[in-house]
Amino acid sequence: MTLERTDRGPLGRAEMAAVVARDIPSGSYVNLGIGQPTLVADHLPEGSGVVLHTENGMLHMGPAATGGPDDPIDPDLTNAGKVPVTELPGASYFHHADSFAMMRGGHLDVCVLGAFQVAAGGDLANWHTGAPDAIPAVGGAMDLAIGAKQVLVMMSLFAKDGSPKLVEACTYPLTGAGCVDRVYTDLATFRVGTGPDGRGVEVLETWGTTYDELAARLDVPLVRA
Amino acid sequence: MTLERTDRGPLGRAEMAAVVARDIPSGSYVNLGIGQPTLVADHLPEGSGVVLHTENGMLHMGPAATGGPDDPIDPDLTNAGKVPVTELPGASYFHHADSFAMMRGGHLDVCVLGAFQVAAGGDLANWHTGAPDAIPAVGGAMDLAIGAKQVLVMMSLFAKDGSPKLVEACTYPLTGAGCVDRVYTDLATFRVGTGPDGRGVEVLETWGTTYDELAARLDVPLVRA
Amino acid sequence: MSATTFHETHDEAVAGVEDGSTVLIGGFGMAGMPVDLVDALIRQGASDLVVVSNNAGNGDTGLAALLAAGRVRRMVCSFPRQSDSWVFDGLYRSGRIELEVVPQGTLAERMRAAGAGIGAFFCPTAVGTPLAEGKETREIEGRTYVLEHPIRGDYALIGAHVADAMGNLVYRKTARNFGPVMAAAARTTIAQVSRVVPVGGLDPEHVVTPGIYVDRVVAAPGSGPAAGDLQQQEQA
Amino acid sequence: MSATTFHETHDEAVAGVEDGSTVLIGGFGMAGMPVDLVDALIRQGASDLVVVSNNAGNGDTGLAALLAAGRVRRMVCSFPRQSDSWVFDGLYRSGRIELEVVPQGTLAERMRAAGAGIGAFFCPTAVGTPLAEGKETREIEGRTYVLEHPIRGDYALIGAHVADAMGNLVYRKTARNFGPVMAAAARTTIAQVSRVVPVGGLDPEHVVTPGIYVDRVVAAPGSGPAAGDLQQQEQA
C-alpha cells in the first residue's frame, strides 16, 4: 500500500540519501555513483556490513580522507570521483578489467546512480544531455547500469524548469535500457518496469504530496503499491 | 646451407633436447610440453636467462623437486605433468585464465611440443590418435599450439612401424593448423611451412644421414636450407 | 545478503546442492583439489550432476569417488585420461558418462566469461580441429576464430589457502589454478581453506579472490578463526 | 630477447616511439598516471598519436601537456570531460582532435581481450545506447549483446610501485587500475616505478604483473636497484 506522508514536506538531499540507505540490505556489496549517491554512505547504520565497491579497483572503501594525522591524503587511494578516500579492514584491490568484470558479471547487489531521466520501463539517461556542443563522457555508468543486481536511481523528481524527470520515454541519450529497479526522489519513491508490459510505475511512498497529486503532474502510467 | 652430419649416428633423446636448447634465444619465455620436451630444461646453459612457464599458473619454474631437505616435495607446486617442481627467485603465480591469456595472447616466445605427426604446412597432430576407443584428452596443447610466437616440435622422425611422422597431410586429428615453425627429430631438423605456398619443408641439418637419403624416405616437398 | 558464511563441517558447507546442478570443481590434478568438499558432496547425495573440472579424477578418492558413486551425468574437462583415471575410463568406455573435452585455456576462459558477464567470445584455439566442429567461426583481421560460450556453475567447490572473515581468499603456489576463475563463475561458491584469520589478517594488496565471490567457507578440521602471525600465515 | 631492460632516464625509456603509434597511458585521474614518462614522450617528439587512457588529461601537465603540444590525433577514453580538462575541451571544440568514447569497463575489457588473444567478444554494456550504434548485436540466451573488438597498443606507459630485476611489478592501492591490463595489451610496455629491487625481492604470490609483460623499466630519479626491507617496500 502506498504510504502518503503528508505530515511533512519533500525530502532534502540528506534525507533522500537516508531513505536509500534504509533500503539497502545489510551485508550487500554496493557501488555508489559519483555525486549525490555518494551521500548514501553517511547513512548506512553502524554494523550494516555493507561493503562499498569503487570502479577504480577496490572493495571495502572507507569514508573520504580528511588529511588528519590518522587519516592522511594518499594520492594512490581515491574513489571514482578522484576524491581521496580511506581503506577499511578486509579491503581488497584489483585491476580495472577485474573491477568491471565484477560489475558486468552481476556480482554487485546494488548500485545507486544519479539521473537526468528515468523512463517508466526502467530506461536510464544519465550521461549525456544530447546537447550538440556537449563533450560526451560516460565513465562507468553504462557498466553499472547493466551490471548490478539492483539499480537504484536517486534524483529530484522535477528538473529546474519544472519538467518531470520520470517520463514515458527518455528524450536524452540512454545509459541503459530497462535497467532501473527503483527511483528515489524528493517527492516519492517509485518501482519502475512493473506490470504485465514492464512499463508500469508503482508509487511506494510519497513525501509532502499525495499519490493523486503526483498522478496529476506525471505523464507515466502510475499505480498504487 | 643444409648441414649434413654423416660422421655420427642419429641423435639420442638427450641430444635432441640439447639441440632444441641450443636454438632457444637467451632471455626467452618458454613453455616445455609434457614428456620429451621437458628434457630441454636440463640443457639450457647456466645464465641463459630463459624463463620457464607452466600452464598451471607460474613463471620461472625450477627443476623437479628431489625431496631432499633443501628441496622438499610440495603438493601445491607442480608442473603441467603434475610432477612436483621448484620455484626460482623472481617467479610469479597467477590463475588459469591469466595463464592461458598469456599463452593465447602470444606472449610466450617459444613452446616445445611432442607430436604424432607434423604436416609440411605446419599442421600439428599430438593429442588424439583417432582410434575409436581412445579417450580424447587435449589439456593445454591446442592453446600452446596457436599461442606461442615460435612452436617447436620434438619427435622421432619415424614411427615404430617405420612410417614417417613428417607428412604431406596429417591423418590424425589436428591440434592446430599451420602452427609449427620447426621440427627437431633424431635424423634432422626441419623448418616447415616455408615457400610461396607455405607448404615447403627446409632441411636445416641432418644427423647420421644425408639430405638425399631423407628425400628418398619422406613424401614431403623438401628443399635444402 | 551476500555476506560469506563460515561453517564448522564440510557437510554443512555443501548442504542444499540440488540434483542436476552444474558443479565446478577446482584443482589441477590434486593441487587445489577441494577433496574434503567433494567427499562431503558424495555424502550429501546430489546426483545427475554436470561436473566441470580440469581432470576427471585420480585414483579412487575425491572426484573419482564421486564418479564411482554414479552421481555425475556429464563431465566437462580438458584432460580426462591420466595414468590413474581408471574410474572415469571405465564409466566412459561402458557409456555411463557423457564427456565434453574442452581445450584447457578455453575451459578457463569460458568460466572467466561467465563471471565477467561476457555473452560469448571469438577464440583462436582449436580452429581447424575436431573440437571446433559444428561451432561458428569468423575471420577477424586475417585470423580465424571460433565462437565460445560461457560455462556457468550452480556451485563451485574450490580449495584455497587462507580466508579472512570477509571471505577474501589467498592461495598457495600452483594450487591457485582454477580457484579464482571458478569462484566468479558460480552462483554459490564454497571454499575449503587451511585457516581462517580475522578481518585485517590479509593484506588488501595480496587478496586474490575478493570475498564478494565467496559464499561459504569451511576450514580444515581443527583449524578456525584465530589471530597470530598473519604475515607468516599468508606466506606459509 | 624478451628480457626486461632497465633505464636510467625516462627519456631513454621512451626512445623509439614512432609517429602514428597507439599509446596506452595508465592511470585513473592522477593515480597510476606515469607523468614522468608522458613528459619524456613530449620531449621525444612522436606525433600523430592515438592515445588510449581513461581520462583526457588534467590541468596543464602530463597527458594534458601532450595534448596541448598537438601530438595526439585521436583520443580513446571513457571520461574526457572533467573540471580541469580544459586542454582537451579546447582541442575538441575546435575540431583539432578526434574522440572515441568507450564505456569504462568495455575499454578495460577490449584491452584485456588484446592481451589475451581474444578476437572479439559480445558485451552487454551500452546495448540500446548511442555508443552501440553501428555495432553488431546478438541475442544470446534472451539477453542482447554488442560485439566489441580488442584495443592493442604499440606502446603502454604505466605507473607501478615496485619492480624487481625480472620486471615483475606490484602496484599501490587504486593506482593499480589500468596498469596490468595495458601491460598485456601493448607490444612494448614501459613502466615507471618508485623503486627497483633485486630478484627475489617480490614474493611470487604477490606479483601483479609478471615480467613477461614488461619491456622497459625506469625508476624515479634518485632510486634504483637496492636491497633493504623488501616486505616494507612491497607494502609501503
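Order as written gives the chain letters A, B, C and D; numbering starts at 1 within each chain.
In this section, contacts are C-beta pairs under 8 Å (C-beta built on N, C-alpha and C of every residue); 3 or more make two chains touch, one makes a residue touch a chain.
Since we're looking at a predicted model, the values are computed, not measured.
Novice: Hey, what chains does chain A share as contacts with chain C?
Specialist: In this structure, the chains that contact chain C and also chain A are D.
Novice: Distance between chain B and chain C based on Cα centroids, please, to the nearest Å.
Specialist: For chain B versus chain C, the centre distance works out to 30 Å.
Novice: Mind checking the centre-to-centre distance between chain C and chain D? Centres are C-alpha means, answer in whole Å.
Specialist: 32
Novice: What is the distance, in whole Å, between the centres of chain B and chain D, each centre taken as the mean of its C-alpha atoms?
Specialist: 34
Novice: Return the residues of chain B touching two or more other chains; collapse runs of consecutive numbers into ranges.
Specialist: 58, 87, 93-94, 100-101, 103-104, 147
Novice: Would you give the residues of chain D that are in contact with at least 2 other chains, written as numbers and ranges?
Specialist: 109, 112, 116-118, 123-124, 171-173, 204-205
Novice: Can you name every chain pair that touches?
Specialist: Chain pairs that touch: A-C, A-D, B-C, B-D, C-D.
Novice: Which of the residues in chain D end up touching chain A in this complex?
Specialist: Those residues of chain D that touch chain A are 28-32, 54, 78-82, 88-89, 92-93, 99, 101-106, 108-109, 111-112, 123-131, 171-181, 208.
Novice: Residues of chain A touching chain C in their complex?
Specialist: Going through chain A, the ones touching chain C are 25-29, 49, 51, 53, 58-60, 87, 89-94, 100-109, 147.
Novice: For the complex, which residues does chain A have touching chain D?
Specialist: Per the stated touch rule, the residues are 54-58, 74-78, 82, 87, 93-97, 99-101, 103-104, 123, 128, 133, 135-143, 146-147, 173-177.
Novice: List the residues on chain D that touch chain C in their complex, please.
Specialist: It is residues 109, 113, 116-124, 138, 140-141, 143, 145, 149, 170-173, 203-206, 231, 234-235 of chain D that touch chain C.
Novice: In their complex, what parts of chain C are in touch with chain A?
Specialist: 1-3, 112, 114-118, 164-166, 168, 184, 199-200, 204-205, 207, 210-213
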